[in-house]
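Per-chain residue numbering starts at 1, and chain names A, B, C and D are given in the order in which the chains are listed.
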Amino acid sequence: MATSPTPAAERENYLNTEYGIRSWLLTTDHKRIALLYLLLITFFFFIGGFFALLIRLELLTPAGDLVQADTYNKLFTMHGQVMVFFFLIPAIPAVLGNFLIPIMIGAKDLAFPRINLFSWYLLVIGGLLMMYTILTGGADTGWTFYPPFSTAFAKSQVVTAALAIFVAGFSSILTGLNFIVTIHRMRAPGMTWSRLPLFVWANYATSIIQVLGTPVLAITLMLVALDRLFDFGIFDPQRGGDPLLFQHLFWFYSHPAVYIMILPGMGVVSEVVSCFSRKRIFGYKFMALALIAIAVLGFLVWAHHMFVAGISLYAALVFSLLSYLVAVPSAIKVFNWTATMYKGSISYATPMLYAFGFIGLFTMGGLTGLFLAALGVDVHVTDTYFVIAHFHYIMVGGMVMAYIGGLHFWWPKISGRMYPEAWGKLAALIIFVGFNLTFFPQFVLGYLGMPRRYWQYSPEFQVLNVLSTAGATILAVGYVLPMVYFLWSMRYGKVADENPWGAAGLEWMTASPPPIFNFDETPVVTWEAYDYANLKEVAVEP
Amino acid sequence: MVGERGIMSAHVVPKKTYIAVWITLMILTVVTAAVSRIDLGKVSAIVALTIATGKALLVVLFFMGVKYISQKMTIVVIVAGIFWLAILMVLSMADYGTRLWS
Amino acid sequence: MFQTFPVWPERASTTAGSVDALFIFLLTLCGLMAIMIFILILVFAAKYRRSRGREAEQIEGSNALELTWSGVPLLIFMGIFVWGAAIYFKERTPPQDSAEIYTVAKQWMWKFQHMEGQREINELHVPIGRDVKMIMTSQDVIHSFYVPAFRIKQDVLPGRYTVAWFRATKAGRYHLFCAEYCGTSHSGMIGDVVVMQPAQYEQWLSGGPAAPLAQTGKQLFLSLGCSTCHRFDVQGRGPNLMNAYNRPVLLDDGRTITADENYLRESILTPAVKVVSGFKPIMPIFQGIISEEQLNALVAYIKSLNQSPEGTAGTRNTPTGSPTGQPQMMQVQ
Amino acid sequence: MGMWVFLITEIMFFGGMFTAYMVYRYMYYQAFVAGSEKMDFWWGTINTVVLICSSLTMALAVRSSQIGQRKALVVLLIITMLFGCVFMGIKAIEYTGHWKEHQFPGTNFHFEGPDPQHVEIFFSLYWAMTGFHALHMLIGIIIVGVIAFYSWRGKYGPDYYNPVENVGLYWHFVDMVWIYLYPLLYLISHKHGG
């Protein structure tokens, strides 16, 4: 953190109020905890990204030549587990949510500040277990842990990986719990539900999923551990256990988990689009409702991951039908973002570029979801690169774009400094190009029939794989850039004032960086969300 | 827990109520144990689960004080928990229950 | 450096055509949808870019618009659902008179048993124009039988049968992939499906010396001692298996189920789970005693009893007679 | 409200196992009956009674804290703990018995009967469900102990009894899980021994 005297440091804020390791590791300030999370998940993002690069390099040629088959299997397993449980799921809620929710609702902190710190330590412990797993050889079950392979056949660190995710899961549950209670109990006077920014709504919907879904994953992984450690045989088909039961329980959490990742991203994009169009978000009520609808309906569709797994024909029909229902609120969101721009006053600052990217890529990801929910087509494309491309469009194209865009948007608030705008735009462009080059060819590969999790593949798939690997290297550059200039900007960036974007929202009405208790006095809210009509235009270079 | 200090309403339930609930719970336990010794076929499970749910309701309403709770939100939370468990069970059985259909 | 590369998979089964049709429809629909949204965004971004003297026009929203763009997509989605479901329903329902091939998957190979007795590993020969029903199980972990050119995929599970079917339409050699991650050599668990003209296929069939699968099953039936209890002449201690396959069977817990392949399988491996009404659970457990291939032979034999009293003819399954309407117990006497 | 939200995660945590139980009971009903016959009816019933009594003392403890009876609060919490310990003791006796009878799935399992495999699944679920329940009991006993200690130090009273109340909610929840486990595991068969 910036220790040299800066203009912002003349006033006491959460960064300069105390120094030293202890003041960070024992802090209960939600803003400091958010930064602790930022450090932790950035670390895991680059670990997971490193695995991804190795995977792409291996797939440069059809033969398995760079790493051994077992190593490859461990690479995609650890890539999945690290990215899903230690980056995607905590990213927006635990970093941006943690930092912003109390400020956005005009509170001093979360409802349970000590539990908040405890959640971070849980994620650290989970992370240490994960690192232990990786360093002692890793797990090779795929991030999905399907038995009986995971319970009876895999000869790798399955139990420690499961334990790592179990612990990380409780971190996620406690964060969700904290948010729910905070949003219910800690809103400033006048901050009614219908005045909440959509970012808060999005995190609220996410928290519901975290609280209700995660425990099912936790117990399921514990049952896998029991099978493995004591040979209980709960999922062992040789003894009458049903491996599909595992899949049901696993996807009951892990499908909604996708919404844990994407909903907060939708929240970020709503804030950004509204700010850089200088317009109230179009159809606010429907946007909030759609978030909750996605959270609820998201729990009714899990078995669409299992259409070829051997579930009953009738169950497949039911789950396919329900899957289409959840597509409706997602469509509503895309339409409303687009409509928000209509007759706006649009500037192309970096966060807005990420928001454009998000809408485009999320649309692609969402529309290909329609293919996968169509039973007849799903049979052909499930477990192929089509699925890989689809969910990377949602998770990386959607969620990571939103996360990085959000970091840019709130960076002045977090650090009190501006990031370099030109570099920001360049990085956004590189990421967008790199992403599409990486993942678009995978749609084609998938329809051609290349199965996922293949260490070596048939030569006719090579050209598309080479394109994809080329894209991945570009993407890697794109991800390193922001990290470099964010660090740079903490010392050398232009000092940011209270509200550099001219944005609406309580977080822009306090100093940058905010004081320890966020506001000098508790704000009283008398205006609606996204009150751009009554906000003075601020000169932002287009 | 910090945020909740003094927020919960201090509704003091009379001792008599608690003891009455306790006696009912004991009676229901004896009933369910006794009934289980009679072979009622498929009805057995229904009877056992109905009694268990009755007991659980008594615990939730009185011992856990939901009957006296002033915040509607808590009730929404509880109902949500039960509803989500129902989703898990019902939709899982949508698979298992129809596997033998041809 | 590179050969030309394909952008569309080969189409070699009847299913492939219908899947492609829906896929192309979806491509068109979603493509238009995506392009429309992208154009709108680009147009708005250009037309309403920030400029001096013009302020954003605040618009609250429009209920009519919201309802339209939830309702119309919902209707379209329902259409896609029905279309997709229709294809799937067909994929999951093998035609009555399909030729049957038993499949055992294991780490990391595919083993096929033809009714005629031929056995293959990682290579599957099938004729053009005949419905083929794959009856599949796994010896260890979950695998998945995937032939991209046929657009079919079905997970192969340990402990039970799953079924897939196809009708090949074009001679050639096609990829067979394992599509469910199964361990070290998952990507090596591949093979070829060889689709042949019927005449060539007959020729290929006649090449092998093997006995028909049902015949092997019959020998097992005798050597394992099944025939001491499951008798065809008089009432034995076990149900009479003549014409048992695919018939409704009354269980001792009062349920009536159909004696399909999975029921036969379960009743051989763990007979006490679903006991036929009127019989005692005295049959020994065969789980761990017979191999998956032997089990397949036994099942094939029991199924062959539906057509000929001796059960020796068992070449290919022909459709069984019209199933009786009401539940009927397995023991005939 | 925080505690309630936590409890619904607990509902879902046990809910995963109850779902597994439901599915397997549906598939292997007769094996479940056979397994249930090996449960000790009397120990199960006594433990149910013990837990219900502990819930009463816990409820009365919360009441004592509300009306500021410090001594009664401490005594009732200790009695609650004792009931909890009795429950754990009985559970230990049962577990020992099952272990000796080779009713521990996997490594130490033997069952005479037509369908031993699926009886084993019953026992897997029995051990998993009661095991996680016992773990919750253990945690409960420890927390009640901590709360009892602070009560003795006079930390809680009519104006601040939230921790006591939350521990009470947790304790009742764990009791409730047992209220379901009891009929589902012990009472399937109508000809139980003991």
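Going forward, a contact is a pair of C-beta atoms (placed from the backbone, for glycine too) under 8 Å apart; a residue touches a chain by one contact, two chains touch by 3 or more.
As the structure is a prediction and not an experimental result, all values here were calculated from the model.
Visitor: Select the chain at the greatest separation from chain D, using centres from the mean of Cα atoms.
Guide: Of all chains, C has its centre farthest from that of chain D.
Visitor: Have a look at B-D versus A-C and report the one with more C-beta pairs in contact.
Guide: Comparing A-C with B-D, the pair joined by more C-beta contacts is A-C.
Visitor: By Cα centroids, which chain is closest to the centre of the whole protein?
Guide: A
Visitor: Between chain C and chain D, tell me the centre distance in angstrom, where each centre is the average of that chain's C-alpha atoms.
Guide: About 44 Å separates the centre of chain C from that of chain D.
Visitor: Mind checking the centre-to-centre distance between chain A and chain C? Centres are C-alpha means, answer in whole Å.
Guide: Roughly 36 Å separates the two chain centres.
Visitor: Using CA atom averages as chain centres, what separation in Å is found between chain B and chain D?
Guide: Chain centroid spacing, chain B to chain D, equals 15 Å.
Visitor: Considering chain C alone, which of its residues make contact with at least two other chains?
Guide: 270, 273, 287
Visitor: Of all the residues in chain D, which ones touch at least 2 other chains?
Guide: 1-2, 5, 8, 11-12, 15-16, 19, 23, 27-28, 117-118
Visitor: What parts of chain A, by residue number, touch at least two of the other chains?
Guide: Only 111-112, 181, 184-185, 212, 216, 240-242, 244-245, 248-249, 252, 313 qualify.
Visitor: Using the touch rule from the top, collect the residues of chain B that touch chain D in their complex.
Guide: Residues 1, 3-6, 8, 10, 12-13, 15, 18-19, 21-22, 25-26, 29, 32-33, 36-40, 44-45, 48-49, 51-52, 55-56, 59-60, 62-65, 71, 73-74, 77-78, 80-82, 84-85, 88-89, 92-93, 96-97 of chain B touch chain D in their complex.
Visitor: In the complex formed with chain B, which residues of chain A make contact?
Guide: Residue list for chain A touching chain B: 111-115, 181-182, 184-186, 208, 212, 216, 244-245, 248-249, 252, 299-300, 302-303, 311-315, 318-319.
Visitor: For the complex, which residues does chain C have touching chain A?
Guide: Touch list, chain C to chain A: 2-3, 5-9, 18-19, 22-23, 26, 30, 33-34, 37-38, 40-41, 44-45, 48-51, 54-62, 65-66, 69-70, 73-74, 77-78, 80-81, 83-89, 91-92, 107, 140-142, 144, 146, 148-149, 151-155, 157-160, 162, 175, 177-188, 190, 270, 273, 287-288.
Visitor: Under the stated contact criterion, what part of chain A meets chain D in this complex?
Guide: My answer: residues 111-112, 173, 177-178, 180-181, 184-185, 211-216, 218-220, 222-223, 226, 230-234, 239-242, 245, 248-249, 252.
Visitor: Which part of chain B faces chain A closely enough to touch in the complex?
Guide: Contact set of chain B toward chain A: 1-4, 7, 73, 80-81, 84, 87-88, 91-92, 94-99, 101.
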